[in-house]
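Per-chain residue numbering starts at 1, and chain names A, B, C and D are given in the order in which the chains are listed.
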Amino acid sequence: MQAFKTPKQLQAHRKKIIESRPADRKAIAVCAGTGCKAFGSLSVYDVFQKTLKSSGLDKKWELRATGCHGFCERGPLVLMFPSGTLYQKVKPEDVDEIVEQTLVKGKTIKRLTYQDPVTSKWFRREQDIPFYKHQHRLVLKQNGMIDPTSLDDYLTIGGYGGFLKALKMRPAKVIDEVKKSGLRGRGGAGFPTGTKWEICAGTKATQRYVVCNADEGDPGAFMDRSVVEGNPQSIIEGMLIGAYAMGASKGIVYLRQEYPLAVQRLGLALESAREAGLLGKNILGTGFDFDIQINKGGGAFVCGEESALIASVEGRRGVPKRRPPYPAISGLWGKPTNINNVETWATVPLILDRGHKWFSSIGTEGSKGTKIFSLVGKVNNTGLVEVPMGMTLKEIVFGAGGGIPDGKSFKAVQTGGPSGGCLPESKLDTPVDFDTLVQEGSMMGSGGMIVMDESTCMVDVAKYFVGFLKFESCGNCTSCRDGLQRLYELLSDVCEGRASMETLDLIEELAGTIRATSLCALGTTSVNPVLSTLKYFRDEYVAHVKEKRCPAGVCKSLITYTIDEKNCNGCTICAKKCPEQAISGKKKKLHIIDQQRCIKCGICKDVCKYDAVIVA
Amino acid sequence: MQITCLQCVEAACAKVCPAGALVRNEETGAIEVLANRCVGCGLCEAACPFGHMHFDTQLRLAVKCDLCGGTPTCAAFCPHDALEIR
Amino acid sequence: MTVQFTIDGLEVKAKEGEHLLDVARRHGIDIPSLCHHEAVEPIGACRVCLVEVRSGQKTTITTSCNFLVEDGIEVHTDTAEVRKHRAMNLELLLARAPKSDVVRKLASASGVTRTRFEPLAYEPLPNCILCELCVRTCDMLGHHALTTVGRGDKKRIGLPFNKPSDNCVGCASCLSVCPTQCISVKDTPTQRAIWGQKHDFILCKVCGAPVITKKHRDFAISEKGLPEDYYDTCEKCKQSAASKRFASVVW
Amino acid sequence: MSRTPKLDKKLISSILQQHKAGDASALVNVLHDLQAHLRYLPQEALEMAADHLGVSYAQMYGVATFYEGFHFKPRGEHVVTICMGTACHVRGAPRLLEQAERDLNVESGGTTKDLMFSLEQVNCVGACALGPLAIVDGTYKGSMTPAKLSNLLKKMHKKGKK
């Protein structure tokens, strides 16, 4: 690509490219996000490429490997433009048929379209599918439209329009625009982004830094991954706008090493932005210097905390430091540093491009715009959903999410990552915004949303999160390091039937101290899962303690596997697969599990085709 | 004869102290141990050319004559008034 | 700049940038703590030096060692909340360091005489409360022998790869600052055993008593620049030599 | 043939040369690069890296052990990683891990005696729709069950023996 020397040159190129790609141009978008890739979407892409070429259709149809479309459960996804037809679970052997029937004849292949598991209705177009229909996709929408490795693709959908507008404004005016939009940080705490920028810009310094926090450590959350992989240029543009507004000349993206594809895509995007003169010295001839480097994380959840992130970038252990001083005043190497997360940076160009009024018209009074959630767990439509702030949990879980699979009933939804709270059915009408979730004992966090059904044990879930956090604690504070370890032991006592009612009191007492006396947010919020489950699902705890029973049938020490007389037809498969040879029985005769030998691995239940293995 | 700390002008003890725990009290002129800053490394004891830095092995801290804050008890207790403070 | 605030009702003045614990102690107000030492930066590890800080409408429980003083705040060192949480943190620490006198004394002052948790000591540093004073001091001294290893519930104090370190000079400052005195240092008349290795002492040229480890002296000479013969005699022999010298000069 | 790569100091130097000397901010990136080539972080590599970046060796080690992603003992030829993210957890990831521990006869984080397999766990790789998930030598294997994993490991073991 040519290097643009002035804003005008870039503008002219954008115009040319947008005109050369009319909206009704025929295109096939194969999702190459991590989920679809794992389902084999790259082979689908390859077959498409070959077939189009051999049939000469490659002149008429443009083939694109795009970023994540969000509907990961149904991958590999193939979306056709301009018709909007979406095929799901596409296999390489389906490609011939798609080309023949759909591309040539314009016919829909029904079996490849989406059928709603609840209503059994079929949907051809992506936008009509309930999963998408309930969404308001601003940031995510672009993912499915572009090839993330192509800067031109990004320009086609209006990319760098926000930056060009910012360049025409004074830096203070840019900050003002972000302030007025009401954008709050998408990383979890929800601090007003414009105010943060203002503090950073207002601190006297010879050097300032902007940092993109892409250390998405919440287990069960992958919206940042999807944006970095699917639309890396939007992050670069956001950081450029921020750097221009705050007078920063250096940018750092702190990126998880567990996301190899994201590292690669962002690296490519940085290179092409540099080639185009959008990064480096004297950007577009305006005298503004800015470049971005990638710092990989090493696998530590706590490094998502600002001060720990800074320590990590400086080559120290990722231990949080007491604030103040805040990074906006004294951050990387003591210089003013502005840290925003991926989603925040990716939203900034849209605000500049379309104006603060447009943005603040979406969402609620205190929480503007949209938020991406990673909707996972026991829900029909697993994937990424972007919804306006203020939508209720119910609309998200049952609307976009399509409810609970296998006819089971909803039990809880956990928002806010490992230190979020678990909210029960009675709280499903809670509107999702920064402040309401905190009031209900949970939090927004970076947007993880984990759905649990009747077969989820809430004590086990609390123990899981505490186990995660004790492992991820930096280990600095007694209250967090030892407190979480003790909490884990106490919860294990509950799960294994050793606890008394005093144990529950001690859990609450200890949790209170961990919350009140730990240094950083990892510690202070770590007890949310415990306290919220104790509050909303106390009866489950009591059942473990008093009746030595796990109502959900999860806690190994409190359950037994048996074989149902009626359903067992003696197929022998369970006995063959049992790793401990604990199952005996003759062919076509009832099988029996030796309880002494059974290690409760559950393999027998998995392999039984006749529902004959009972857990109780 | 017994001598006590000379409160040297170029004090070796203060020079070697890595923790800044040996400082001169401007009022009395004595070099004093800031016990809260002393990390008990023992360098001062080894470095004092006159043997007047001591290491308290119980407390693991440096100790020395600080002229008792300006009113040395040794002078007050000397039965022969052989010691005086000037 | 000076800031003014109250601690338990007492009006105090301090410099901006000072830490609350230092200011309180200067004014004779005792706040217990285990991981604080004035020679190194505070990190707020033990969570014992808790206080309640009221600022406007907000009341927070916080550690005082790393709290930067602010104008107009109201600090309370002995509220029910402070006592409750301090007691819990000490109960946690007691399970880590059941044999440490200091921890037991502080705990019992908070009304904690036994712990409801299983012992959590780890080898080879039983009673270590992971306050990192040893590591921070070793770094401050410029030796960088010790380090904090791992994180979370696996955090430990130790040496890289658990092997003796060339950087250790055997000064034993780590033991001196250790609140629970859990670091093993064994001296013989000629050697000091510490952190898995033995260091030779310089022996007094007069009486043969140990003065300082050779490596520590070498480090001091290269860093502090005093001549080698400053370190070759023990404290007692230096003293008697000095006395003799003075006697010969005065009389 | 030894499965542990021989320590190649020249290789380590050349990796280090790709990073600016004295720049501590490259520390984690350097650790990644070293591990990518050596499969683990031997003592000598950490010492050389510390020298290159101008930080103490103790700090280098302390920082490296802070992160989950680094390994200090030779790892197996195949790395089997079980995702323990929340989405995978509620869909049965702990049972996958237990199965792999039984099959390989190592605990999570360990390496088999023949250096053929290392068993590791990760706290979410952001492929939650695929859960429960095993990652075998970098390839995502979604919707795993203990039985499927067991078969996969057996096959790999047979292949490795040849």
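Just so we're on the same page, contacts are C-beta pairs under 8 Å (C-beta built on N, C-alpha and C of every residue); 3 or more make two chains touch, one makes a residue touch a chain.
On a predicted model such as this, the values are computed, not experimentally measured, just so you know.
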Mutual neighbours - chains that touch chain A and chain B alike: C
Distance from chain D to chain C - Cα centre to Cα centre, in angstrom: 37
Between chain B and chain C, centroid-to-centroid distance (C-alpha), Å: 22
Chain A and chain D: spacing of chain centres that average the CA atoms, whole Å: 24
Mean-CA-position distance for chain C and chain A (Å): 43
For chain A, residues that touch 2 or more chains besides their own: 300, 317, 471-472, 474
Per-residue overlap in chain C, given as positions that touch at least 2 other chains: 148, 150-151
Multi-chain contact sites of chain D, meaning residues that touch two or more partners: 59, 62, 66
Pairs of chains in contact (touch as defined earlier), listed by label: A-C, A-D, B-C, C-D
List of chain C residues in touch with chain D within their complex: 135, 139, 144-151, 159-161, 163, 165, 167
Complex interface listing, chain D residues touching chain C: 43, 46, 56-62, 65-66, 72
Chain A contact footprint on chain C (complex, rising order): 43-48, 50, 61, 63, 66-68, 81, 84-85, 88-89, 92-93, 95-96, 116-118, 120, 129-130, 148, 150-155
Complex contacts: residues of chain D adjacent to chain A: 24-29, 31-32, 53, 55, 59, 62-64, 66-70, 84-92, 95, 98-99, 102, 122-131, 138, 140-142, 145-147, 150
Sites on chain A touched by chain D in the complex: 34-35, 37-39, 72-73, 75, 216-222, 225-226, 257-260, 294-301, 312-318, 374, 376-378, 382-383, 414, 418, 448, 450, 452, 456, 461, 464-465, 468, 471-472, 474, 577, 579, 601-603, 606-607
